[in-house]
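Below, each structure is written out as structure tokens.
The following pair of complexes shares a single chain, chain A, combined with chain B in the former and chain C in the latter.
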Partner chain A sequence: MNKVMSDKKVIALYVLPAFLLMMVLVYIPIVLTGYYGLMRWDGIGAMEFIGLDNYKRLLNDSMFWRSATHSLLLAIFSILSLVGYLIISLVLAGKIKGADLFRKIYLIPMLLSSVAIAQLWMRIYHPTNGVMNRFLTSIGIENTPLWLADTNIVLYAIFIPIIWQYAGFYILIYYAALRNVPNELVEAARIDGATPWQIGYKIKLPLIMGVIKVTIVLAVVGSLKYFDLIWVMTQGGPNGASEVIASYMYKQAFNSYNFGYGSAIGFFLLILCLVVTWIIRKLTADKEEVQY
Partner chain B sequence: MEFENGKNGQSQTSPVPKGLSEKTGLQRLGKIFLYVFLIGVAVVQILPLVWLFLFSLKNNQEVFNLPPLALPQEPQWGNYVRVWTEGNIGQYFFNSVYITASSVILTVIFASLVTFAITRMRWRLSKLVLGLFMVGLMIPVHSTLIPLFNFFTNVNLMDHPVAIILTYTAFNLPITIMILLGFYYTLPREIEEAAIMDGCSLHRLFFKIILPMTAPVVATTAIINMIYNWNEYVFVNTFISSDKYKTLTVGIQNFIGQYQTDWGAIGATLMISILPILIAFVILSNRIVEGITSGSVKG
Partner chain C sequence: MFRKAFTTILMTVASVLVIAGCSGDDSSGNGNNEGAGGQDDVTIDFMHLWPSGSSPDHNRIVNGIIAEFEDMHPHVTVEVETLENEQYSNQLQVISSSNQLPDVGMTWAAGFMEPYVRGERFASLEDVIDDEFRDSFVAGTREAYEVDGTTYALPVELNIAPVFYNQAIFDQYGLEEPQTYEDFLHIVDTLVENGETPIALGNRDRWTGSLWYMYLADRFGGDTALNSAIDRSGTFEDQSLISAAEEIQNLVDRNAFIRGFNGLSDQEAKSEFMNGNAAMYLIGSWDLPNFTTNEEVPQEFRDSISFFRFPNVEGGQGDMDSWVGGPGVGLFVAENSDVKEEAKEFVRYFIERWGEQSVEEAGIIPGTQVDTSEVDLPDLFIEVLDELNNATNITLFADVQMSANVAERHLDLIQALFGNEVTPEDFARQHEEALQEED
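Entry: the complex of A and B
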């Protein structure tokens, strides 16, 4: 038995296809990104080694830092929206008839492509015919905003569909976790006279802390690398007002053919995501893990 | 594996002493408020899509002059016929189907093989290899784009569907393995012991016994993969330039450009692109819910 189950040839045969794919298409590329970041390169011609120049340029590039600030803002907004999602889930996980249907309805936007969502919200924000401004006009507001064309508003206008898109995803996760909280604990507290608010805050939340941590990591890393919706809606414009790290990297590489500099930004993004994950894990590390 | 929520919710009431479970008027009011709140959230999630469906059936006159949620006087199904026949939507649709299907099949088979080898077989590097796959979950796509672009150019796979299929497969392996792991750990060892005792080969054991046993979780991962691949944007946008290879997600993006002011046509195009996902959701919502939950939490 043991001999059969440690047959090296079979193991290699089963593991290698997936392993090679991961190596060639994920792991070697991330190493190469760091390496290309040391080059001056237009993507077609020869590479020229320039040492850390691209990374130095990154530190002094105000447009890059502006993009990074926008990515960070998105991360902060995502964490704030987690609070809202959590409240909805707490309500949903109480004695609600049709909770299953509710969470499924909430999930629908998450299943659609970012392109379709972006195109749809571009119509919603349309200055004259969009639902948003037609609603504002109908309640008597005259100077309706230009939304995606207004440099002061555009970033926040894009955050709204992102929050809309992911709501169902996080509600689903929280809801599943809350359903796993043992009934006995909740009932015992109720008999002792705890209010629903106390039950939610003092009993359920601490018990799903592990899941909340996972969602914070997901939300922050997801925000830092966010791209699709922004790229389709504004391409980072107008005038860089909605530029994020990923869109700036894409522009540098595939619009301006600065493949070396684009690689440096891509490598920075990778390190940022890994470091942030590690920091959040450290910060939220338990002194005493709650078991249930 | 199925979640049974409604039932749990109702059984909660039984152990409560009678005096506490009686509802006062205030409690009932609070309950109504909660339902209004939840329905409000549902409306926000659904309304943009309802509006999309409505304007896909209108002509510009109606889009601009009728209230946004008014029904069209006469549904313009012609919008759908027009966008389907005028552009390459049919081609994009076909590309999306076969690229999605090929990647899903490859991912599920490769991931199952790896998961089997990691959870059932004994070898020294298994933990390390598993870790390597799991770190893949953290890696931003943009950090791989330029090297992949360069690699596919060098091996003549640029602007070729194979590049997309392989990339989708690689990037979906981590999440797929993660979902499969939980299920494989619960499979009883007696089955494989008995099979091996009877002289069954490992390949037979995997393909004839284990793979069929994991069918439910394989179906779940397949659906999750399908949704990810169907909606994927960056890779196709970067690696595919010929119209004939574009998927629906990227194809409609360019296609809509032509219809800048024709709202009905834009609406119809968007509806066509999201309809397969919506239909899949109506039929398979339990599996989708299960897949997304297990893919994100059981880490």
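Entry: the complex of A and C
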């Protein structure tokens, strides 16, 4: 077997299918998107090369920057929610009763499709029949919020299901990582008189730092390109109050027939994600991995 | 060692087979095999947006017409592909960018199809329209598919938007169909005072709010005000268009519309109306089956639904017989189709047969004229068809009239107007700017 695997031709043969699929399905479209971004194109007729005009327009497009702000807000909220997930995972991994059951409960939202979650939360937020407003009415609040129809609230109203949706995913990752922390270290710390808080903060956290970094990148990049739930629940409305980069890109490309401009937004989003990933890695890569 | 090498080979063979399987067999399609009748066998690819699951009646009629057509032309086979509304319009754009449109397909009118015509994707249909065929369309419907005077598609459906209302709720408070806008405001106020929701509106979809605005614009400024602003012979900062926007906000301030309308979809608003939670609902006549023949809707509700024409405002130049509406989808033939002749013949046959069947069997008003004395339909249907025949004007839905770019802007502004986030003056000015940019 070793002989087979060291043969360069065999290696090439094995890598080839995945390589071809990646090229055709991922990299070539990326290059094409970059190319379309330099065009004035309605997506149907003839293309016209306009250089970087689409990107100049992007920089001056207040609607784009508004949606970019919303995407960044979502990214910030996702990072904050990671703290919450981490705390829950620490509790769950602390051998409490029924940890397994809780873990499953948190995981369920992840198994639902975004569209189903969107439908569910649209019911919850319904201005007259929704669970939320019925509850508020029943405890005596008369001027109940309009949730998805209120431009000041709608963005945060959508963040809640998004954060709820991904809770299980991150809790699962943290939980698995925490379970891998060697028991001896925890035991030793306990014998030395460390409090549970100290065990969590000083021993467990540093040991799973690598996983935490990965989840931060996942959460930020995932937020920046987030689309589906928002699209189903509000389509970016009312009047752009819940517009994010991806939904704005979609609207430009498919609703307004500005395929060239839409491609430029998409390409910009890609660059943005790469830059943000790089920044996060720089910020978090200051120390060596902790090993005990 | 032997076993491992064997596994390696087996895996390799397996993956080669998988890849080979994926490449498929492209030799089918528009073949040129000799047919029985001496003519070459041809296949017409036809894409429409009525899947059997969600639109069973439409789908059945379409398949019936196709079967008839195939019987009459033994050398022709029609291959059908169906997609739901939204997927359909996305798919159309994607496949047209690679020039792979089906031979025959469906398109929306005016602003939607213009890029396709400019990109030379649709074939001119002038050669299938003789005078007799031309006259069979309701005035103004075929014209909506013209670009620069050439017809590129033919309408299969036509709708107007009446204000439907729930007679039971009206009776309860002694209300009657409004004759003037004053009456209408009185109805709204009475209902609000009694804790009823006057109007169901799902303005998340935005075109729903646009209908209300369009009617007010028409009643204030007559049937030319909005049209001329859009075709640039006039301006959007016309006083009547600003007054219409003011009136929208007046209605919002009176709580005429259902709570949270900007977050509700049209579907959600409709269900409020159909559950008797709102008294009025402005929607296209495509919803008539729900108020007449749909067995899934309680009989009691269907019996209590009636409609009125949008009333005139005092001092306005409107006419109550002027409607907002227009053709929905129409049939096009692809420019690069290699069976263009058969495809055009199919389109013509389809339009004619469709016109004879669609109202009675699927509740769709066709783009061709319907003789109301010959069809057996519920009264509400007949009344709408009569209104259509008496209409002095049908103003095409604003978002369909406008180019896609301006339409997006218009729809967003509608939501902002209803949400009191833009003043009527700014509303008009921003429309004007968007329209000017387009020139």
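Just a few scattered comments:
In this text, the second predicted complex is superposed on the first by the 275 of 292 C-alpha atoms of A that agree within 3 Å, B and C clash if a C-alpha of one lies under 4 Å from a C-alpha of the other, contacts with A are read in each partner's own complex, and residues count from 1 in each chain.
The rule is short, and it goes like this: a residue touches a chain if its C-beta (ideal position, glycine included) is under 8 Å from a C-beta of that chain, and two chains touch if they have at least 3 such contacts.
Note that this is a predicted model, so its numbers are computed, not measured.
Placing chain B and chain C on a common chain A by superposition gives a clash between them.
In the superposition on chain A, A:Asn258 contacts chain C only, with no contact to chain B. After overlaying the two complexes on the shared chain, residue contacts for A:Thr151 are found with chain C alone; chain B is out of touch. Once the two complexes are laid over each other on the shared chain, residue contacts for A:Pro17 go to chain B and to chain C alike.
After overlaying the two complexes on the shared chain, residue contacts for A:Gly43 are found with chain B and with chain C alike. Using the contact criterion defined above for the overlaid structures, shared-chain residue A:Ala177 touches chain B, although it does not reach chain C.
Of the two partner chains, chain C is the only one that A:Gly240 touches; chain B does not reach it.
Once the two complexes are overlaid on the shared chain, A:Ser113 sits against chain B while remaining clear of chain C. Looking at the shared chain after the overlay, A:Tyr125 reaches chain C, while chain B stays out of its contact range. With both complexes superposed, B is the one of chain B and chain C in contact with more chain A residues. Of 63-71, 189-197 or 279-287, the segment of chain B whose C-alpha atoms clash with chain C in the superposed model is 189-197. In the superposition on chain A, chain A positions 1, 4, 10, 13, 17, 43, 254, 259 are in contact with chain B in one complex as well as with chain C in the other. The part of chain A that touches chain C in the complex is made up of residues 1, 4, 10, 13, 17, 42-46, 122, 125-128, 146-151, 154, 234-235, 237-240, 251, 254-259. Looking at the complex, you find that chain A touches chain B at residues 1-2, 4-8, 10-11, 13-15, 17-19, 21-22, 24-30, 32-33, 36, 43, 88, 91-92, 94-100, 102-116, 119-121, 123-124, 129, 131, 134-135, 164, 167-169, 172-173, 175-177, 179, 183, 186-187, 190-191, 211, 214-215, 218, 221, 224-225, 227-228, 231-232, 245-246, 249-250, 253-254, 259, 262-263, 266-267, 269-270, 273-274, 277. Note for the complex: chain B touches chain A at residues 3, 5-6, 8-13, 15-17, 20, 34-35, 37-38, 41-42, 44-46, 48-49, 51-52, 55, 63-64, 67-68, 110-111, 113-114, 116-118, 120-123, 129, 132-133, 136, 138-151, 166-167, 169-171, 173, 177, 192-193, 196-197, 202-203, 206, 227, 230-234, 238, 249-250, 252-253, 256, 263, 266, 270, 273-274, 277-278, 281, 285, 288-289, 292-293, 296-297, 299.
Contact residues of chain C toward chain A in the complex are 1, 4-5, 8, 12, 15, 19, 90, 93, 96-97, 115-116, 118-121, 203-204, 206, 258-264, 268, 277, 403-405, 407-408, 412-413, 415-416, 419, 421-422.
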